[in-house]
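In what comes next, chain A is part of two complexes: it sits with chain B in the first one and with chain C in the second one.
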Partner chain A sequence: MATTTLTKAPRGYDPAAAKPFLEQFDRVKDGLPGAGLSWLTDLRGQGHDRFAALGLPTVKNESWRYTNLRALDKLSFQPATDAGEAVRFDLLPTVRADGATGPRLVFVDGRFRAELSSTAGLPAGVELLNLADALTRKPDLVAEHLGRIAAPDDQPLVALNTAFLADGPVLHVPRGVTVDETIELVFVSVGTEAQPTAFHPRGLIVAEAESRAVIVEHHVGLGSCTTLSNGVTEVFVGAGASVHHYKVQREHTDSFHLSHTAAKVAGKGIYDNFILTIGAKLSRNEVTSVLDGEEGDTHVSGAYMVRGGQHVDTTTFIDHAKPCCTSREVYKGVIDDQARAVFQGKIIVRPNAQKTDGYQQNRALLLSDTAEIDAKPELEIYADDVKCSHGATVGELDDDQLFYLRARGIDKDTARGLLIGAFLSEALEEIAEESVRDAFQSYVANWQNAR
Partner chain B sequence: MIEIKNLHASVDGKEILKGIDLTINPGEVHAIMGPNGSGKSTLSYVLAGRDGYEITEGSVSFLGKDLLEMEPEERAAAGLFLAFQYPVEIPGVANTTFLKSALNAIRKKRGEPELDAMQFLKLVREKTKALSMTDEMLKRAVNVGFSGGEKKRNETLQMAVLQPKFAILDETDSGLDIDALKIVAEGVNALRSPERSMLVITHYQRLLDYIVPDHVHVLAFGKIQRSGGKELALELEKNGYAEFGVNEAA
Partner chain C sequence: MAATTETVEQVRAVTEQKYKYGFTTDIESDVAPKGLNEDTVRFISAKKEEPEWLLEWRLKAFRVWQEMEEPRHWAKLSYPPIDYQDAHYYAAPKTKDRPKSLDEVDPELLKTYEKLGIPLREQEILAGVEGAEGKSPAIAVDAVFDSVSVATTFKAKLEEMGIIFCSISEAVHKCPELVQKYLGSIVPYTDNFYATLNCAVFTDGSFVYIPKGVRCPMELSTYFRINQANTGQFERTLIIADEGSYVSYLEGCTAPQRDENQLHAAVVELVALDDAQIKYSTVQNWYPGNAEGVGGIYNFVTKRGACRGRNSKISWTQVETGSAITWKYPSCILQGDNSVGEFYSVAITNNFQQADTGTKMIHIGKNTRSTIVSKGISAGRAQQTYRGLVKILPKAEGARNHTQCDSLLIGDQCGAHTVPYIENRNRTARVEHEATTAKISEDQLFYCRQRGLSEEDAVSLIVNGFCKEVLKELPMEFAVEAQKLVGISLEGSVG
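So, the complex of A and B:
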């Protein structure tokens, strides 16, 4: 592997950090699915070479100033073993009130678990399957889309994911088809006692013109082994299609959760993303939405609750590439103890993207003197007929509100809980699907009860 | 019911209450009248237990207990209620959720069973009707988007639901037109009983036409300057507070 020495890494990257990951790559590469597909081998090769050249980002990298990945260096993560396959589950998370199993795919340590998955309730023509199978059953669909939006270029973690890409969810909704049932994607991190475990789920969502789907990702942990989930999901939203993509991350606090979601929205399409972050020691959600056709609409919102030594990073990029599109971004978070949150929200309005309507709001509630938020909104506007606003607030619980509640007999802790819940519920209002909103609300309530 | 003795309180080192003595017996309605800055609101906040007030001297006994030692929520559970001059807006908390949490918290502390959703709804519907409030106001976030009159009606509703033993009405008339004032006063009067006491704090006599007090006290410069019957209020209305050295025209 001479690549690391051939290319000089740009400032803000640590190529040496790539080494332990690349050593594993040589061991696992022959076993990766679709090894016979030359385009895939090329794609993995691009990811590999790019990651080898860059390594992990450092805090000298502008995009990683507030999130330090040095902890990953020390852990020398190993690829997931078969151990996860033996794990049985009494209960998997769902947003379904009745607890019934609808269409869902389940992945344990990044590996597909067919016996826990189901395509029940999907309309004819809709494909919901895992990537490893899709490479044999739907190679053209995958070849046409995979790696087209999430490019490894200056994204070392996307490059790492691309090098190792093996499995993950694939959804294809044909033109004009509405999927009524909520599709659930369940990712369980288990790991092993023996060593920290890394996996790189790769998702692909293709919603053809005038189609509609609601997708909920659950990321949960079982046990307390150290894991690294480094996921990438690409979402293609066709003309007039709408994709509602919700995610809740409740992994345990010894896990690392890195995620990159990249959407491309055609004319009159809607991409609606909401992420609720509760778990992980360190998490970063990157969401990129490119409004690539006129009158497209994207919502990129979320809520987070962190405490102890948790670190949560939200890095979003909304690209108004075409005229007459709207974007809305509402992030709210509660930070307690020594926890730290990062919000980086970039909106770019390209020169021809007239009549853009953009809105960004980021609000944080600090519950302790040692809690911290670093916020960096960035608006780059190159068109002149544009409506764009952004706001950021950082505050504490309101003393007047607390006193009012206590004066009515509500004890201090309950009163604080009510106010925290109220703060977050405003963000959850951004979730259009009622069943999802209700479920997410209950996760918020559980977090509070555990305080 | 409540016995206030030589109560002194300061805010940021500045003494606001300079020796209040006041005893209210069960069933009595007392009015405290006074000009701006006389210490009226400070007295109500000190009694309700708000942070930021330093009690430098004196005592308050409420139903035989040391009120000043209690947390605000303990005071509420013991039966004290403050109707706020400026009810606080709480976005994101529905009025019903708030009322139910408050009622059940108090019932729990009193050792009474908590009400379930149905029982609570029945109770609160009955009370809202009497105050010409709509179901829609219950669903809205606490005081958010309420008019001045709606906020005061909402305070009265809380009082009706929580059934306190002793209620302090802090400038309940402020910001109310005459119709709203009548509705609120009716709501308050409906709660008068031989077991329940009230302290009505106001600048103007007008409110006392509708909530007729048994005793009236004049508060100025942090002390009760004079006490009397309800006729004292009329006298103040006529002569103002000049007699007590207060020049309100200034």
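So, the complex of A and C:
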């Protein structure tokens, strides 16, 4: 094995932290779905070896300088058990109108729940199924795409996910097909009282040329057991296709939520990503979008609201690999109590990616004296005929605006609430789908009401 | 045939103009043997007849340095390994005794400074100024040649006001209590690889002390010149502005054109006490290497100012056109309440130059304010990075920062990068950062060309406009020089 020749771990990684996870790997590997497929065994092996060599990133790692994963070391995470199966749901989160149904996949602690899922309303030819099933029903599709964009090389958590990959959503939209119904992917974290639980959902979205789909991911928690969700999703956007990918994370505040979404956009394709983060004790959303064909377009935006001792990390990477592409990024966040937010956004413009238009903005509001924001917007540009800009502001609510509202007889708390709501709304405006935007607005309102 | 000869002549003329400071001075030098060990440190200290405490401090630094790792992982720079043993750490023009007046200084040296346009003869400067309609006051100059300061002008006049302006070696003897109190108090000997190396082997540099309530009547300036081959230059500058004082300080640098790379690792420390102001301007024009990327200075510099007192202000202005590699982050530690930090920078990289430069503004005191304006121009195959940190600590109530970083790309082989870090731990602080990257617009070029400007002149004009916000911060004499430099640095980058 190549990795055994590594005498010293690369800077910024702690290989010792890999051990507890690797011990489980030997126990579970034969029971993983598709264990008989040699390509899949190889892929998992690559993930395993890479994770063994790297371990968890430390704050000496440039990409992790503001997010410390030491808290994970102290906990001994075990693979998910059947415990979640017993859990009954009265109501699953949805962006649909009351009583309406539509295509939906449900995963509890990373495991697929067929009885809660549905493929109703999908046009002919569209495949929506879980990865474990897809390995038998659509093995070629999976083999062709899995692990092609999210490479484990310098991403230890992707490596960890790849080693353990077992289940998750798979969506295939054939050429020229438009899916009118919003596809919902629901991830419920339950865990067990006995021990912290870890799972590694792996998603795959393949939108062929000229197709269109709208996907909403819900991540919610039930109870208060400690869980770690370490998800990876790969998104292939074909030529002229458009994928609108929205996510809301409302896990409970004892959970860890690590997520990596990697998209590759072909010529004239559109990849539109929005993430709303409200929950989890520690969360990190890493989104990478590679504009791999001319005239591609990507939007990577989001909003976050954190309080108490929460830590939220947003790390984005937009890669202008081909000429004439556009990218737009708008992130807004509100940080209260002792919470801490991290925003790292990098835009790279490769040589020859002329006529690039890149825009990035991130703004944060600090609501308490102990809140903290760390931001690192980054431009790396190797082509001259480009238009790129980024802006970042951090601060508190504007006194003049507060005064204006209070002068009109609005009490201080209400006035603050209005301004915070308006501030976040600007980010939510980036969501093109109205039903999704309305649902996300209501999550924001609920968060504010809980203040 | 004739045409060919003419072309060759023209090319030669252009190349020579590009770096007009590339000549060498043939002067006998006193050089330390190559290599770096404790004996080298002792040698330098002995040459300078330093007190025991300073030698001990140097040795402590050297021991720390030996354990340190060269920082190669984060800056966007690439260069072959540096052999720290393959260089001289001390080189000084040979003199029997320390010259008592300029008349005793080697005429070769004086000629060098004449060629560089640096006035060392006070009478001449005064005569010159009177002739120039008395528009600006004279400039006091400390000229550092390789490892030593060769002359400092206007010392007597400044002394009348209590201002100390001399080489740091002299200050060690003249006012040891001030040097001991402040040396290493802003950049400690454990700070970073290059600064620690500097602590161990620094040779000379300038020392400035402005007493309470004194407004320094003239610009103080130091002119650094590397001449000797295979030497590193490690100068150390310390400026102390006591309560209510003001000083404007200029720094200029050049080096001969050589094929090998030379190391320059300076440390500059500034201290501003209550209500004091320091304005520090640099025009860095070290030899950048030739058009193929051969030769040039490796410039690894640590510059840091501490606004210790209330209402104090430190302002850094830099025009960076030289060096093969620039690694430099002039910073302000804003400790005193209401203190102000400023950073104005123009960095131009052409051919194979690489620059990773920016600033750090650390807000500690209440109502501290900082402004960052960085203009980067990248041409040829150059790579340039703005790297900056704005850090607001919990007690910095009402702190403000505004940062503007603009990059201009000329040609499709170069790169321009922006890596700002913003860390805010105070709710009432307001931090704004903006960055843009673009190229010279066709419209602007067309407009200038249409009025009969050549393409190069047009580019120079546009770039000067792009940098105006920063250039206007420079003292007048420097601003004119800097504008010309902008044009020269970009020569050959268009068309």
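Simple rule for what comes next: the second predicted complex is superposed on the first by the 443 of 451 C-alpha atoms of A that agree within 3 Å, B and C clash if a C-alpha of one lies under 4 Å from a C-alpha of the other, contacts with A are read in each partner's own complex, and residues count from 1 in each chain.
Here is the rule we use: contacts are C-beta pairs under 8 Å (C-beta built on N, C-alpha and C of every residue); 3 or more make two chains touch, one makes a residue touch a chain.
Computed from a prediction, not measured in an experiment: that's the story for all the values here.
Colleague: When the two structures are laid over each other on chain A, do chain B and chain C clash or fit?
Modeller: Fit.
Colleague: Using the superposition on chain A described above, determine whether A:368 touches chain B (first), chain C (second), both, or neither.
Modeller: Second partner only, chain C.
Colleague: For A:46, is the partner it touches chain B (first), chain C (second), both, or none of the two (neither)?
Modeller: A:46 contacts neither chain B nor chain C.
Colleague: Using the superposition on chain A described above, determine whether A:379 touches chain B (first), chain C (second), both, or neither.
Modeller: A:379: touches chain C, not chain B.
Colleague: Once chain A of both complexes is superposed, is A:414 in touch with chain B (first), chain C (second), both, or neither?
Modeller: first
Colleague: Check whether A:118 is in contact with chain B, with chain C, with both or with neither, and answer first, second, both or neither.
Modeller: A:118 sits against neither chain B nor chain C.
Colleague: If we overlay the two complexes on their shared chain A, which of chain B and chain C does A:395 touch? Say first, second, both or neither.
Modeller: The second partner, chain C, only.
Colleague: Of the two partner chains, chain B (first) and chain C (second), which one does A:253 touch, if any: first, second, both, or neither?
Modeller: Touch status of A:253: no partner.
Colleague: So, does A:354 touch the first partner chain B, the second partner chain C, both, or neither?
Modeller: The answer is second: A:354 touches chain C but not chain B.
Colleague: Does chain A have more residues touched by chain B or by chain C?
Modeller: C
Colleague: First (chain B), second (chain C), both or neither: which does A:406 touch?
Modeller: first
Colleague: Smallest separation in Å between any Cα of chain B and any Cα of chain C in the superposed model?
Modeller: 15
Colleague: Identify the overlap between the chain B-contacting and the chain C-contacting residues of chain A.
Modeller: Shared contact residues on chain A: none.
Colleague: Give every residue of chain A touching chain B within the complex, in rising order.
Modeller: For this pair, the touching residues of chain A are 399-401, 403-412, 414-415, 418-419, 421-423, 425-426.
Colleague: What residues on chain A touch chain C, complex-wise?
Modeller: Residues in contact with chain C: 11, 62, 351-352, 354, 364, 366-396.
Colleague: Using the touch rule from the top, collect the residues of chain C that touch chain A in their complex.
Modeller: 73-74, 394, 407, 409-439
Colleague: Considering the complex alone, what residue numbers of chain B touch chain A?
Modeller: Counting only chain B, the residues touching chain A are 48-51, 71-73, 75-77, 81-82, 84, 87-88, 90-93, 97-98, 101-103, 105-106, 109, 141, 158, 162.
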